[in-house]
Amino acid sequence: MTERRHDREFVRTFFTSPTAVEGEEDSAKMLRRAAQLRGMQAPDVWVPDNEDATAPSMRDEGVENIVEVVSEHGADFPGEIHPRMVWHRDSPTTRYQGFQHMLDVADPERGAIEHIDGFVIPEVGDIDDWKKADEFFTIVENEHGLEEGSLKMSVIIESGQAELAMGTLREEMGKPTNNLERLFLLVDGEVDYTKDMRAITPTGALPEWPELRHNTSRGASAAGLIAVDGPYDDIRDIEGYHERMQDNQAKGMLGIWSLTPGQVVEANQSPLPPKTGSWLLDTGDGEVELDSEDGVEVYEGDRVSLSETTDGYELTVGGSTQVLDSDELHEELLNMTAYIPSMDDIVDSMEEFEAAKEAGRGAIAMERSTTLRIGDTEVDIATDRMWDEATYQAAMTPISLFQDVYENRPDQHEELVEMYSEGVVERAMEVGL
Amino acid sequence: MTERRHDREFVRTFFTSPTAVEGEEDSAKMLRRAAQLRGMQAPDVWVPDNEDATAPSMRDEGVENIVEVVSEHGADFPGEIHPRMVWHRDSPTTRYQGFQHMLDVADPERGAIEHIDGFVIPEVGDIDDWKKADEFFTIVENEHGLEEGSLKMSVIIESGQAELAMGTLREEMGKPTNNLERLFLLVDGEVDYTKDMRAITPTGALPEWPELRHNTSRGASAAGLIAVDGPYDDIRDIEGYHERMQDNQAKGMLGIWSLTPGQVVEANQSPLPPKTGSWLLDTGDGEVELDSEDGVEVYEGDRVSLSETTDGYELTVGGSTQVLDSDELHEELLNMTAYIPSMDDIVDSMEEFEAAKEAGRGAIAMERSTTLRIGDTEVDIATDRMWDEATYQAAMTPISLFQDVYENRPDQHEELVEMYSEGVVERAMEVGL
Amino acid sequence: MTERRHDREFVRTFFTSPTAVEGEEDSAKMLRRAAQLRGMQAPDVWVPDNEDATAPSMRDEGVENIVEVVSEHGADFPGEIHPRMVWHRDSPTTRYQGFQHMLDVADPERGAIEHIDGFVIPEVGDIDDWKKADEFFTIVENEHGLEEGSLKMSVIIESGQAELAMGTLREEMGKPTNNLERLFLLVDGEVDYTKDMRAITPTGALPEWPELRHNTSRGASAAGLIAVDGPYDDIRDIEGYHERMQDNQAKGMLGIWSLTPGQVVEANQSPLPPKTGSWLLDTGDGEVELDSEDGVEVYEGDRVSLSETTDGYELTVGGSTQVLDSDELHEELLNMTAYIPSMDDIVDSMEEFEAAKEAGRGAIAMERSTTLRIGDTEVDIATDRMWDEATYQAAMTPISLFQDVYENRPDQHEELVEMYSEGVVERAMEVGL
């Protein structure tokens, strides 16, 4: 895999807070509250947001607030801290303002920069625009006696230009006249991207932009960076947020923006394997999770029914019935079912494969079996899946993520142990090393 | 947004006419008829098509017809005029023929070129092939005393090579040895693209090519150009044409090819906001538009039913029933409904946001409420949506399109006023300026 | 179309065999068996796999087995032979090992290389990594007195880097310091790609990666290469394999990996037009194939019903009923039906178009008609489809594939004639020449 240059190899959560809110007694109230989040409520990356979340007139005050709050609380904050500065590919005024704000925040005498891991640059354009931002980081580092390249740079992808720029990162990052190796997160910003692409939907809802998310994930893969999806506006729609994260994960985009501590909790947990495994049944109209009752997986819906006859079985799915013998039924049910492994299951399989490899075997069959109950009829099913080195490596991703979280977020240990049990956590930390 | 170099910022319609039809008394009949289209039947860009729509043996005569008909009718034609020439990345003969045809058409003594805005070049290959075409434009301009770069160049994307070339336009357009700033439209040509990609479908229907359309829209965004989709062959299938346009619009591709004046009317109207707003209900099996009866939005289908019980409500969707209290029902119905705003609604929201911004507020809540009737049960629903600068900017796209149309197409004023009313049109022309 | 440099213009099947299996009396058993496949069971490209299918400890022996088995059976093998070597973009050790293995296999004194068409290089990275492999091919050719560029190189795309590299092939292949013109197949490898992209799915199933497959097909189109999809693991799921191939074909990816001779048979047949045509009916819930009974196409499901009334017709689809007159019914049924043409049908249409073109006509209407029976009601439907040069060219793809197969695979002649009849095969070989 492409070399990664930073401590965190995974980022689940990117949580923004306004830096200065007008009309409050303490304009830094939101910052102060966010800085004290801990455990599952605290994000992997916290972003004091001096751009869109903060009114233009409040942004100078926002810089002061960042310095004050981070100086006070930064040492104890469990995640990384990456303030978002103003920037725009089409406005030198905005870019210069962003530069000045970075210079202010990074002054070591003010005590914040030692707790700050980098800055987030929105509204970047083509790769030469990214280099302008990178150059300001370099000057800031040089002026303040910080090591060159020590401040990470994350960007918001919210233009077609920036989407295209991600295709060139791998070759640009090696060039001698930039420090683009400081790049850390590639974060999609779908609201502004939609504007830049001039897209229209009848209700004003955001398009799904699957190609953008693929290209961001690919750009991250090719350059050793981390891909993060943009904000999910409908805060009440938890199910929708989960579906979006699952869709992202299948693209290799394991992080997402969070707008509230509630979303942070959901997004911190989403890419981790579940505590308990579960069986899915494909009813031809989507998949439903079966109820587990004393080791039997029970389907209670109407779309699928099964009955035993003198000759064999009748299986009805969505109104169409098949007459099957016992082997055919087994085959059909295997096609209709799938198993979501728990953390424990995954660790088991990996340990088993590691032992087999040690014993000189390159591929082994992993068995999975259960009893299904559909209506009053119970059937046993069992399936083998071949595991080879590639299967093992691909299955490693959620475990590597878990290990990265466990190493970098001691404040979440208690919740992780509570979720998985001490034993499973210990074994998960040993696997694949 | 990337600088746009041409008058029109939006193009809804790209309408092709054969330049010379064999066996007709007047081989220019189709051209003559198209040149006299007005109002919603007239396209934003009219394309006398001397390539695929015209038999190879008729193309020299086609050039003469273009000159004749455009000289006579061009001054009065309400849209832009961009004849399509022959071209092929793999054939120098074809390219030279295209060059000669352009030289003929552009001769100022013949009276057509003053009404012609540019030429369309089909079957382009990689970027160096685009440059060959551009160079011929430059020579044509020079030979005929036209300003260098004054003729716009539009291309048909109908090969994998050309799709890749769109990724490099932004950097190529600035180079000193070309005049690629003349580029105007990027038009997908899915029939030939399907051939070039060697794709097969069982029925011979065209694949949907979502990635091509994304990449065309992105290429246009990055280079300040306009993306247009290819022809929709099934002329009778108006619903299908609408669905395709809606899908395109969510990708930022706001223009489409039209093969008939009937398709032109549909495509000219499609990206404009509707006259009246409407509510959608997601029945779990797709969305249906509700009937509006005296301010109540009525669902009359079978899939969703709602009844009040002593404890609260029973909501049934597609056979599965939930028992909900009043708050839960409200939440559920909000998730199931969506509103398509009218032009009037959009202008209202934008004015409201502009006033708030003037008063120093960066974000405001826009309320939307109605009464739903499902079966015999009526429920009031109300929702807030937060608008900030980014929401405002994204909502601006259909308004900008409307303004561009209104400014450039006086021949459509009457129909637009009839559609929206004088007052709404006036307010829409003021918003966002 | 971009110039193709190799004999085969299409590859349907890419079949891998382990080169050395531990614990067998004859470690080359699998190779020996595969080398003797013939007809539909034999792949277009056979890949003795000295990488993932073979345990690392067995790979030196694997090289010996390749030499032995190919020397003995290579002359008679009906497809091309392309052994897969070890390679990794991140490991110079692995790359050097791959180079040494190629040197061994290619030694002309050992008698295998004259039957070997090229090598497959897995785990390539960015384009400069592809060039490293290409350079080793050149050295191998030079050392062994083979013509420079005579060994074809195929690569497995299993990283984001390699996906991006495909966007630059067209320009890189012309450069003087490489021999990348030897490139032949671009093969997706979704298991390792999933790992490289760090994607996660709940069940561990592979993501669909539609964008990767599009980009591979596009890369092949732009550079005159052939796109092949990766392995389909669930060997028993024949329906799933078919659906995957159909999805690939609509992307222009006409080849697929096969893991068993059974999959080879399916994949060799899949892109060929069917023996008999068939009608589809869109029931609003997917398309079903109608039963053909004495020239009448019969629908026997529940979702669609049709009855004649005194006023006209009642057509019910999925619970919603329309009252239609005879013309409206005809229109509606045309929208709901589609025809999958047989090889015979396609050849007929192409011959008809060729005759029309010879007679000076650029576009003709192809009629298609049948009688539908829904319930007890029979209706005749007839439709015209306009064919022009572009339609003709796009319809040519499956015929060109057939011709390529017929020319290169005499061992399949008998099965093809049995499938289509002598007459159809002969006419298919004449069309489009």
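By letter and in written order, the chains are A, B and C; residue numbering begins at 1 in each of them.
The rule is short, and it goes like this: contacts are C-beta pairs under 8 Å (C-beta built on N, C-alpha and C of every residue); 3 or more make two chains touch, one makes a residue touch a chain.
Treat the numbers as computed from the prediction; the structure is a model and nothing was measured.
Chemist: For the Cα fit of subunit B against subunit C, please give the angle of the superposing rotation, nearest 5 degrees.
Modeler: Fitting subunit B to subunit C on C-alpha atoms yields 120 degrees.
Chemist: At the interface of subunit A with subunit B, does the proportion of residue numbers present on both copies reach over half, so same, or stay under half, so different?
Modeler: different
Chemist: Measuring centre to centre with CA averages, how many angstrom lie between subunit A and subunit B?
Modeler: 34
Chemist: What residues in subunit C touch two or more of the other chains?
Modeler: 167, 211
Chemist: Which positions of subunit A touch subunit C when the two form their complex?
Modeler: For this pair, the touching residues of subunit A are 1-2, 167, 170-171, 210-211, 214-215, 217-222, 246, 249-252, 254, 271, 280, 319-320, 331, 334-335, 338-341, 360-362, 386, 388-391, 393-398, 400-401.
Chemist: Within the complex, which stretch of subunit B touches subunit C?
Modeler: 22, 52, 54-57, 90, 126, 159-161, 163-164, 167, 191-192, 194-205, 207, 211-212, 233, 236-237, 301-302
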